[in-house]
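Both complexes shown next keep subunit A, but they swap its partner, so subunit B is in the first and subunit C is in the second.
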Partner chain A sequence: MGAEQKFLVCWCACVCVCAQKRLWEGTEVGTNLADGASDNKVDHVHDTMQATDAPPSPPAKDQTQRFAFDERIWEATNVEINLVEDAPPIRDKEADEADHVLDTMQTQDFPPPSTAKDQFQEELVIKPLHSGDIYASFQFRTQWDTDFLEKHKFSHYRLFPKSLGQVISKFSVRELHISFTQGYWRTMQWGQPFLPSPPGAELWVWFQDTVTDVDLAWKELTNVLSGIFCASLNFIDSTNTVQPSASFKPLGVGNVTDQRFLRYAVLPREIVCTENLTPWKKLLPCGSKAGLAVLMKSEKLFHSSFHSQALHIRPVCKDWQCKSTSWELRQTLNVVFDLHTSGQGKREWSLFKMFSRTLTEACPLASSSKVYVDITDNPQGELFELSPATPLVSQAVVLGDGRTYSVYDLTDHATFGQTHSLNVLLRWRAAESGEMLRPLLHGERYVAGYGLQTGEIHTLVYNNHPYRAFPVLLLDTVPWYLRLYIHTLTVTSKGRDNKPSYIHYQPSKDRLQPHLLEMLIQLPPNSVTEVTVQFERALLKWTEYTPDPNHGFYVGSSVISALVPSVVAMDTNNTQERPLFSSFFPCKEESTYFMRIYTEPLLVNLPTPDFSMPYNVICLTCTVVAVGYGSLYNLLTRTFQVEEPSQGLAKRLANIIRRLRGVPLLT
Partner chain B sequence: KFSHLKSYFESTDSPEHFLQNTKYNAGDADVFLSTKMAAPLTLLFIVAITIRAVLFRSSLADLITERVEVVSPLNAWKRVVEGLALLDLGVSPYAGDVFHETPLMIYFFHFVIDYAEIVFMVSAVCIVFLLQFRKQKYALEGDRYPLDCLELIRTPREMLYIPLKVAMFYLLNPFTILSCVAKSTCGLNNAVIALFILSTIKGSALMSAIFLALATYQSIYPLTLFAPALLYLLQRLYIPVNWRRPSFWLFTTQYVFMYLGSLAVMVCLSFFLLNSWDFLTSVYGFILSVPDLTPNIGLFWYFFAEMFEHFRLFFICVFQINVFFYTIPLSIKLKEHPVFLIFMQIAIISIFKSYPTVGDIALYMAFLPAWNHLYRFLRNIFLVSVVLLACSALFPVLWHLWIYAGSANSNFYYAITLLFNVAQILLVSDYFYAYLRREHHLTHGLYLKRKDGSEATLVLK
Partner chain C sequence: MGTAGVSASCINMASCSSLKILTLLSLFLSPTIVETNNIEAKAGQFFSSGHTNNWAVLVCTSRFWFNYRHVANTLSVYRSVKRLGIPDSHIVLMLADDMACNHRNPKPATVFSHKNMELNVYGDDVEVDYRGYEVTVENFLRVLTGRLPPSTPRSKRLLSDDRSNILIYLTGHGGNGFLKFQDSEEISNVELADAFEQMWTKRRYNELLFIIDTCQGASMYERFYSPNIMALASSQVGEDSLSHQPDLAIGVHLMDRYTFYLLEFLEDIHPSSTTNMKDLFKVCPKSQCVSTPGHRTDLFLRDPGSVLITDFFGSVRKVEITTDTINLTAPMVHLEDTRPVRELRTEIQTYMDQLPVAEIIHQKPKQKDWHPPDGFILGLWTLILLVFFKTYGIKHLKHIF
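What follows is the complex of A and B.
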């Protein structure tokens, strides 16, 4: 337990630093990055400010002057700069910590809190990937100003979907995170996703501490969600539910971290398709009628290499003082279109090519509606050209890496130009793409061994940081029918034994609960850490097999959660862009960030009985038992006697006649 | 002092009978053991231990440890190590479904984990020593049989070689060797049962009750050995099995109390060691409800893998009762021959128990040389031996075809387990038949005649 506390302390410290960073950044003056812009202002402001801080509209001539980079201005954009959902646990801690920090450090610069009741924001981030594929990430955020502690307030709904509001109030849910993913995110080719999710369905829920029977609430909740999302979440039962002790901390405000109120389950086998997307879209205030959601046509979305839709509900601070809380519903949809199947091998992407639609309007209910295009590798337009050009640029630190985005504001009519539609087009000039920074943390998993008796699960965790070691939390959930032998657990880094500083192991119970293995491992710099554990495959009852038993059984992804040293801190060029006085100490405020990655799910074959045999087996086995019974019964009840030869038939007949006649019988 | 063993059985009517049959005296067995048999036995031990030590050090050891015929979920060494690892992690070994040893066993292995190989080798040798005394002291016969039965009665010279044969049969039995090399805790359970048999034969009621309780505590099934132990001790004390005799009831009550008392002490001790009752469901619940369907040489695994869910409980009851079912009729039939009854019970346990391994079979097979005087009455010993040998060879072959090659399926392995069990059943019932027949001949003469004077054949009616 000591190790866990240490980890948490470390976490909190980092979070503190992050919170402070934000305040400092408010006063930081960005240097001149773009060619001619003189009025640069890098202003990081909190998301609550954005309603009062509308950006000026770009000149109309931008529509015609596509390459008007000279006129690009650095604008005070109202981006959620940190894209905080990428670093969720930090954020929740941050909320707590920020609370303290803000009490003392609040300045007059902050505007008074907005009084709007419900808010809706939507955004789309398009990121060209180094492999030539393209990554589109939608985020929809609905904020509902209601006090979640008082049940009677769950009665009036405006933007927040009623079906979810009722679920929250009925089951006393504090946080709910659900994701449906088809395909596997290829970290080594694509870098880190904004919001990681494992293949299949993932659900984790924090209940209020007023819930007495958490298991019952969880069971009912999964069944209700199963209905809402048309998914097989009703297959979540005690055999695939675990209570991780450290890996999944609440992301919203609040300080309940008792794992008794947490339930986590993964269904790696879940197939995600249109029937899951439709109910998900219906939860949006505009549905798929207007705004960014018009792009979500399932025939295109599911013709992709990776598709992930998620939904996160959590309590967040309503204002800076965090005196009261409100509900935040965040719906995200991430999709990666393949260069060859979707793009016909040409490195030329447009909204129309990706989604078969263009944008014509923002959702009227949205307070902000934006499209971001990642142009970090393309600051001068030398790699690809982006049209229509936009004067708005924003900078953000995403997953520890400074990124630059072109921004299209859909609430501004000028964005749509004369054609009244926006079709963002990226056309590559060069065949090659820029260098991709290797992801600092990366995980892989596979099953070793042959035959159907035993096997070994290998998990490889890569630390690609050249000089920093950092700890990771590894969470493994293995179904009961693969019997893990924890004494065979080995953790090796660089050929040396690397003893985990914290192990939480919950062994499985047959047909009741899965194995849960959580470990805190220190990853040495520039190393591969290999975690192996042996297992034995169980023979199940014939009714326990899936309809396609020889396809194999899925084992959910390992979850690797880590505080990763920032790439920004690693960047030597960074010193040139900053005032010298600010860059002496190498460990800067953004020195670590939270990251969660998922490994591949496993597909494991089990030995199978012959499914056509039940009657035969019952008959044959019972026959053997009967042979045993019969022979013993025979010997127990009978006695030995001398066999007397039986008389012949003729003799017996003759004796009957002789008896009738009164003559002595024959012997 | 051991001279009246066999002479006792008519004594329910006339207790004075047993006085007349005093032929051999007690010292004989020990004298034989210490002088003439010492050299071959020592040689045998050296050979047996060398074989085991070599196998422990060879690469075959890992292979043998994984064999499902040799280890079951109940006694696999891997699971013992896992239980200890869980204990080190601060998790109760019974929190999961991997460890099924009793709490006393954990604490035993907690101390001897580093010397496990030695423990298993020593226990194998000990079993032989324990069985030695039993054989020596058992087969003393009276001379009150018909004259033509003399060839049925074993001479002291034949008796002389029985200990050596038993030792060879146990120590060099491939089943025992495999079981020992796989460090299956079945070997230790066998040692407990051997201790129980020894103390019973020695006539120590207390020790007998304690070891019987220990064996029961380890794996429930030895409960059925209670009846033969009681019968033997009664016989030794010349107390007739007679419901109207108070002495019978007195001793029976004493023995029951000793047995239940020591069982209660062990169970409570287990509770205090881990401070929870989890082990009851994890050990005994596991044995009785058969949740783990890992293939083994028994009848349960495939039957319950293929069972219809709503008949499951019924058939579990039927199959489990099967072990205990024969105790009372066998005790009635063999009440004068408690040692043979022990053999029968051990054999029935090892055939019908839920997780049998070859180690269990080796235990009852060690008795077979003691019944060498029954060979002439065995009907199909050749067939049965051949089937047992063929099955033993086919187990690994069909396992490989099913699990590794994928060219066979589970039915192949299942068929062999069926055949193996049929052969075992035939073997046991054949010995039972032979024993009853020999008893019949001992009272009625070896060469029976019909009424008409021709040679008669015996039939069961």
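What follows is the complex of A and C.
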């Protein structure tokens, strides 16, 4: 076994080196992005974990096929960095790494790769933002070749969390996306996040087409998830659930989509705190004991401008042919730290400063564990200085733009150096970082109008591209207690009417379902498109008010899905290995990339009765005064007289006749 | 005997105390039978307290930032019971507001019980089961009586049985005979007493310890009538419960007096402590509390002096050790996967187009109501016209129009 592996690894290294040679003959890949030939490829550092990927059992023919393919897609490069003088020659480096892989495989007692069909990857991306904040994005991916939907099959869970596996099989889930976010992502200051999420909790689920009662399954699923994540997801009911007709297409593989099996809900009020993070961390194979997850101290993570944790389950391609699928669980955690203000104006950060911990090891169960630092704006090191220096550099196409990253491979012991700990430190040289490019797409929303009866929702969508128009799909969910006047809906851009090419509107039903408005709008280049719609505020029944009604009522974020023109060509091959942060949204065309952004949630005041005690006391005393004092006053001031009993009808008629006849009247 | 108890406590911390008590008792009663019935006595004392599992329902009923102290109260009890061994799955924690991640909290993700940020009772692995708007009188009573919707997850249920010792801790703003929930509704002492009676008839508890920290707290347990309930309150009827530990950095009072001293008392308890309920009654005398803490034991059948603190605040498992070898003769039969493997899908799967513009534009609006097919309607009209002309002919047309 050992010998076989060694042979395999060496052979693999050879193949890789060959691949590199071929590539180097073609282009000299530097850190310069403008090198046209390398633009359309995701060049990233070749990690030799390929060797663990390739099980030793399959026949050699398969192997060659696979490697031939790998050779095509990987384009593995080990870019030489000028910063490091004593970088070893490439061939040696490769061999070293290969040896190292061998070491890890021998020392850690993994089960044989043929039986374990699951793997786990972890990575942390750190991006210094132009505003001076630091964006840290954790991604953990567990992949498992299993079939949850065969309910009678006995499954032994290894890396995949059992609680989620059971949820998938019980409710026949096809895809599940859940996010908990505290704070609002400021696109204009921070650029685009790797994975967008709205403030509060968001849940959208695609069910398998075998589910007969989708609403029931959805209801039970939200209850179960509320238990798993300690969140109030059980507040998701028919009044805030919608079934979008065009948005939220499945992110995983699958050839059929019927929007009947989609459910989407947002709870904008949901608070996110340690109690949500605790169960989220428990789903990781290493928990918070080892690997990147040791950095997740809630006291630090929540002391931030933005905190978002998410979980995505979807089927993905098992191999490059994509004939069969495996399940992917992706756990992401995005934080923006405002170190500029807390650091007494010094622009300097380190892992220890951010998380009050340093890294000492990779998660032993992880097949890859990496830390990426974005150094795109700093090619020659004039802006900031990164220490310890790393020889590994990776390039990836993220959100339509080519980025360069310094990579720290935690599975390599050399990364930790003499101190056996890794504390990435970034010291700024320049006082100001350069101007940030304006994000191409940006959305805003607010409520206009005064008083407590009517109002107007304004949604602004910015297209900052100088010469290209692109389509966006806007999805608005408005609760029933804001009655939309849909005839007042206007869409204008550049002062002219912009007729949406597709409108789907589902009116609300009181206490049953919310408004759903979906519009496909073409955004002209360099423009602001404004969508306005008027509404009336409904009166609630007094038990329907929340305990703090004067706080106001939330309306969830609008969702803007767009196909944005990309600066560099996107990689349409969705099956190949890429860094996790650049491989979430599948890409179909080279010239555009898919992006989803969320606007601010709205806080709307509804006409609220005064529930306070003084008010009730006043009401009560007024009643007592009116009834008690009023009747007494009445008694005292009124004069009473004895009323003459009135005559009967018959007698009166008789008297009229008697008067006519001239005879005496009856008394 | 004492040494035996200590050595036993190496394996099982808690049995030590009950062992001592029982052996003492047996010494008094029948000193001669001790040796002969030693094993039976040992076996019997495992169940001397009568419970096999522990549960805790901890409720903070107050909303808004200035009620920080009520959340800290509840969390400090949570911290203690968790430290003494009740797992999160056996604790139903209800917090009416989020103080830890409140925007006014200068130190997010913390809730402090002591001044100068000394003790963070929120911890790093808290699990809150009911929070925010979920904390209502209805939900509280449903948790107690177990009448929850069928899809409620286990973590939100009180799955106790007739061998469970339950600790119920309430804190919030109250008055004579009621406790307010979220400033918008209240639970009365009669409702609470009836809920406990329902729990008793449903055999949902073995013994119940009720603690309440609120103004006029003693009024809340006056109406209890179900057996095996011991109750404590922070103040008598007509008294206010007072706050403690004002903190300048956080800007509010951190704790209430009674729970503050209760926490100090509980911090000294460890799983093998022999401290009993009599000691708990002495917590926070009037000199410290300003109010007079009250207790009620007439419904409780055991002597409070023999009831350990850990009977309610901890989950102490009784472990019996055997030296005999046990053979597991029937190993698990590995089930072979005999069912046919599903044939490999031949078609190539692809990722979906995330924004299929052309497809969206040409999406047909769905016909909601059923409509008869056009051909049918056309045929019907033809038939009607045919019958008309057959009957009247063309010449009668002028009579109609």
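Everything below uses one rule, namely that the second predicted complex is superposed on the first by the 462 of 667 C-alpha atoms of A that agree within 3 Å, B and C clash if a C-alpha of one lies under 4 Å from a C-alpha of the other, contacts with A are read in each partner's own complex, and residues count from 1 in each chain.
Here is the rule we go by: contacts are C-beta pairs under 8 Å (C-beta built on N, C-alpha and C of every residue); 3 or more make two chains touch, one makes a residue touch a chain.
Quick caveat, the model's predicted, so the values are computed rather than measured.
In the superposition on chain A, A:I486 contacts subunit B only, with no contact to subunit C. When both complexes are overlaid on chain A, the residue A:T532 reaches neither subunit B nor subunit C.
Contacts of A:T411 after superposition on the shared chain: neither subunit B nor subunit C is touched. In the overlay built on the shared chain, the residue A:S421 is in contact with neither subunit B nor subunit C.
Within the superposed three-chain model, A:L520 lies in touch with subunit C and out of touch with subunit B [touch as defined at top]. Residue contacts after overlaying the shared chain place A:S508 against subunit B, while subunit C stays out of touching range.
Of the two partner chains placed by the overlay, only subunit C lies in contact with A:P547; subunit B stays clear of it. Every residue of subunit B that touches subunit A in the complex is listed here, in rising order: 66, 68, 78, 81-82, 84-86, 89, 91, 95-98, 291-295, 299, 301-309, 319, 322, 326, 329-330, 333, 351-352, 402-404, 409-411, 414, 418, 421-422, 425-426, 429, 432-433, 436-437, 440, 448-451, 456-461.
Remark: subunit A residues 450-454, 480, 483, 485-487, 503, 505-511, 515, 536, 538-543, 607-610, 613-614, 617-618, 620-621, 624-625, 627-629, 631-632, 634-636, 638-645 touch subunit B in the complex. Across the complex, subunit A is touched by residues 63-64, 98, 100-101, 107-110, 122-129, 131-134, 149, 151-156, 182-184, 335, 337, 339, 342, 344-357, 360-361, 363 of subunit C.
On the subunit A side of its complex with subunit C, the touching residues are 147, 150, 152-154, 182, 219-220, 223-224, 226-228, 230, 232, 234-235, 245-246, 249-255, 257, 269, 271-275, 278-279, 297-299, 301-303, 317, 321-325, 471, 473, 501-502, 520, 546-548, 561-563, 574, 585-586, 588, 594, 611.
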